[in-house]
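As structure tokens, here come the structures.
Here come two complexes built around chain A, the first alongside chain B, the second alongside chain C.
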Partner chain A sequence: MKEKKLEAEHSSFRFVLALSSHSIQLNMIKVRNLSYTYAGQSSPTIRDISFQVDNAEIFGFLGPSGAGKSTTQKILTGVLKNYEGSVVLKGEEISKISKHFYNNIGVAFEFPNFYLKFTAIENLQLFASFYNCEKYDAEMLLKKVGLWDDRNLKVEAYSKGMRMRLNFIRAVLHQPKLLFLDEPTSGLDPTNARILKDFILELREKGTTIFLTTHNMTDADELCDRIAFMVEGQLPLIDEPENLKLKYGKKTLKVKYQSGESSVLEEFDLKGLGTNNEFLKILDEKEIETIHTQEATLEDIFIKITGKKLV
Partner chain B sequence: MANYSQLIKSDFRNIGRDPMLMMASIAPVLLILVALFVFTLVSGLTEKHLNFPLAQYFTFGYIFLIIIAPMLLGMVYGFILLDERDGGMIGYISITPLGKSGYLMVRMLVPIIFSFLFCMMFFLLTGFHDFLNFLQLGILALIIATEAPMMLLFLGAFAGNKVEGIAISKGFGILLMTLVLDYFFRGDWRILLSISPLWWIERGVMNPQYIYPYLFGGAIVHFIFIFLLYKKFIRRVG
Partner chain C sequence: MHLKLTKYDIIAQYRQGFYLVYGIITVIYIFILFSVPVEARQVVTAYFIVSDTSILGMVFVGAMVLLEKQQIILQSLFITPLKLTDYLWSKVVSLTVIAVLVSSFIGFVPGGMLSNWWLMLIAVLLSSVFFTFLGLGIAARVSTLNGYIAGIVLGGSIAGFPIAGYFFFHDLSLIFPVNAAIELMVVQPEKLGILNGTMCVLSLFIWCFIGYAFAKKQFEKSVIRY
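Now for the complex of A and B:
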């Protein structure tokens, strides 16, 4: 009887252990009460922020210039160490990690820096040599972002868009578990931006966690599972883009239809729309040009939350 | 070691694609040629026409030349470092497994190794082994070789860009004056020159019976210089 009780206690203990290890594995990034003050400054740049990023999640980090996004990213990548609070990456406090931990992290800064006198392939070979882990084939990556034909061109001859694509593949070259991207589609034409965005989604499918800092609301909307708005060092809002759009939008629908020679625009409340005779009559009798629900765009939310317009 | 070999290889590539760095890298070989042939030639001419052989100054001349070589190599790697610092490469490398410390180790060790090999070759070709044993030569070569990271860190810590780097490396050459002042002048004031790392090398070679105390003092002064410059450089790159 006593043995059975002990066994039951053990099994519940194992269950609790399994649960806790599962929850640890779910969070790739766990930030608690993070504050940071630069030397010589009296007020903190980052003020008591807390958030977590799950495994294989794309987490968007939005906010106006000077809000503290770059500082947060520098703390998360271990560049700035004297912070207050806790920053745990893959179960390890970032201020205590060894150099080898960087095999797990890839970073693509907004302004790409390369050895300009080296070709693209020479740059990739050099940076790949800094990592002691399994890597993607550079040829495959260069072909994927359309740089294979220019692989032997010196980077100084690359356009901004080409450098951004090279910047991106350098960050993913060593198959990082956690990828930090800062404005990854900046300077790219729509076709190449699409290629990169598809690649980002593909990486997420393979299990990579992505921390995306951007001003580009289309990118944030398309890519992010959740987004956080940073304002003056604080995070007043973290949610899924869809929830935010609904929460901050008007619960109405706008219909534009032909009436005689001109177009007419009418707005209807979503509540009871299916039984709204006026609306149903328009659908039935008029030639509809457009129908749009009035959920907020991320840009509207950005302006509302941050009080600043996007540049 | 695989991490470092690619970086070392890329340095050669960098040097090969920059005519100024290429020239500065080849210059130490020219210094050996000057020591071996030009000295003898000029000495022969002065002896013949002025009845003034220069052979008695050869050892001092050799020391002068031998110290220039690590300075040149330090300048070459210093310019690479300036490019990397200004291009944000050091910041990027600091978030890779190589790290800032691994990177700086390569940057400082490679010119030390090349300078050491150069010094040993120079010693053997110019007959230093006639008055110093191999242990003494080895220690001396090692201390002289640390002029390279001193120059490199000096550039990294004080030069805002490559143009400033050229001016600063010339300024660093002023240290060579301490050798001239110590060798050609007399007086107790010369002890003040001991603040220069080069003074200890010259004194040691010119007074081989006291080589070990001078090597010891030289090692300490070099270490202090490198430590202070390293601190200054790290503060600069954040």
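Now for the complex of A and C:
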């Protein structure tokens, strides 16, 4: 009887444990009422923001320069500690983490920084030695971003684009569970930007949570599961890009077609489009040049909400 | 201590030409020492060694840290599991290696003028450790080379106080690192005595601890929590 009772207690304990670990795993980042004021300043740079980032989610952090994005990232990476509110990463309050916790975090700063007198492979080997966890093979990473042939070149001889790619693979070298990326495609040509973006999506598929800070609306649109707009230290909006584009866009469609010597542009309501005779007639009789629905772009939404342009 | 980082620091110093500069300075010192009268050569040798390990060590560690600051490398280093203590010791050990090599040449090539190699080694090790920590602490606080030079002139003047005191207030002056190091190098072990020798070593150890605490505090305040 006593054994059965003990077993029941154990199984309910395991259930509670499983539930709590499940809820921890759901949120990689949980920020509540975060505020931060730099020493010597009277007004806060970050003003009472709250958000959470789920496991294996790409969370975009957008906003103009000076909005507080970098400060937020510094708090999330444990660089700035005297904040108000709560910042929990992987179940641990960031102000109380030990150095060992950095095995879980990878950061690629906007401006790549390396030991310039060392080669790419030497830089990677040095940084790999700081981590005591499973790591990716440096050769595989270098080949993936097209730097293998230049692995023995000193970083001082690298171009901006090459440094950006090396910066990225250094951040992912130790297979971090949480990856902070700041303008990862800045300075890259379209081919290399594509390689990096595919790599980011691949990491997400493998379960990495990615916190992406960017001005690049195309990247945000293409990569992010959700995005947050930061303006003057606050987060007025957090949502999925598709939802925002539909919500803030016009429910119309623009058709450009040839009429005689010139092009004509007409706009139609999406509602009842399939039975709109005028529209159907254009499709049937005219030579169509372009057709576009008028959902908003992320930049349009940003300007609409904040009244500011992304700089 | 992080051995790989220490190795990289030594390689970085080599690639940045520190070893070449040290080599040239060593040759110059040795030539000067040959021209110094034999009766004064011992003290001058000791002074050269201490100034070499202190001033050059401080200048070079400052150059390294300022360069790392300029290349924003520190930002990346301190968001890894690497401990600040490991970073600081890596710089100290790598520069102490050069200091010991150079001191051995200066101390013994021009005619074996110093009293005892082991005592010289202790003096060089401890004074190099202290002055490198001091340089690290100052470099953490400043962002320009001019600011750093002003810092080491001030810090070096206080810590390296009055070498003149070595001649006029001899016993009291041994609480200062430069004087304690010179004492260990120039006085014959049998004349130095256990008490005096222990006091010099203890004085240098305490300065090393002060230097370490200063460097650690300055990095925590000005570099890691910027």
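Criterion: the second predicted complex is superposed on the first by the 287 of 311 C-alpha atoms of A that agree within 3 Å, B and C clash if a C-alpha of one lies under 4 Å from a C-alpha of the other, contacts with A are read in each partner's own complex, and residues count from 1 in each chain.
The rule we apply is simple: a contact is a pair of C-beta atoms (placed from the backbone, for glycine too) under 8 Å apart; a residue touches a chain by one contact, two chains touch by 3 or more.
Quantities reported herein were computed from a predicted structural model and do not represent experimental measurements.
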When chain B and chain C are modelled together on chain A, clash or fit: clash
Partner chain in contact with A:Leu116 - chain B first, chain C second, else both or neither: both
Partner chain(s) touched by A:Lys206 [first = chain B, second = chain C, both, neither]: neither
Contacts of A:Tyr102 with chain B and chain C, given as first, second, both or neither: both
First, second, both or neither for A:Lys81, with chain B first and chain C second: second
Touching partner for A:Leu126 - first (chain B), second (chain C), both, neither: both
On chain A, the residue positions that both chain B and chain C contact, one per complex: 77-79, 99-103, 105, 107, 109, 111, 113-118, 122, 125-127, 129-132
Residue ranges of chain B touching chain A (in the complex, touch as defined): 2-3, 5-7, 10, 13-14, 17-18, 87-89, 91-99, 101-102
Touching residues (chain side chain C, partner chain A) in the complex: 2, 4-5, 8, 11-12, 15-16, 71-73, 75-83, 224-226
Parts of chain A lying in touch with chain C, wherever the complex brings them together: 77-81, 99-103, 105, 107, 109, 111, 113-118, 122, 125-127, 129-132, 170
Chain A - residues contacting chain B, complex: 77-79, 99-103, 105, 107, 109, 111, 113-118, 122, 125-132
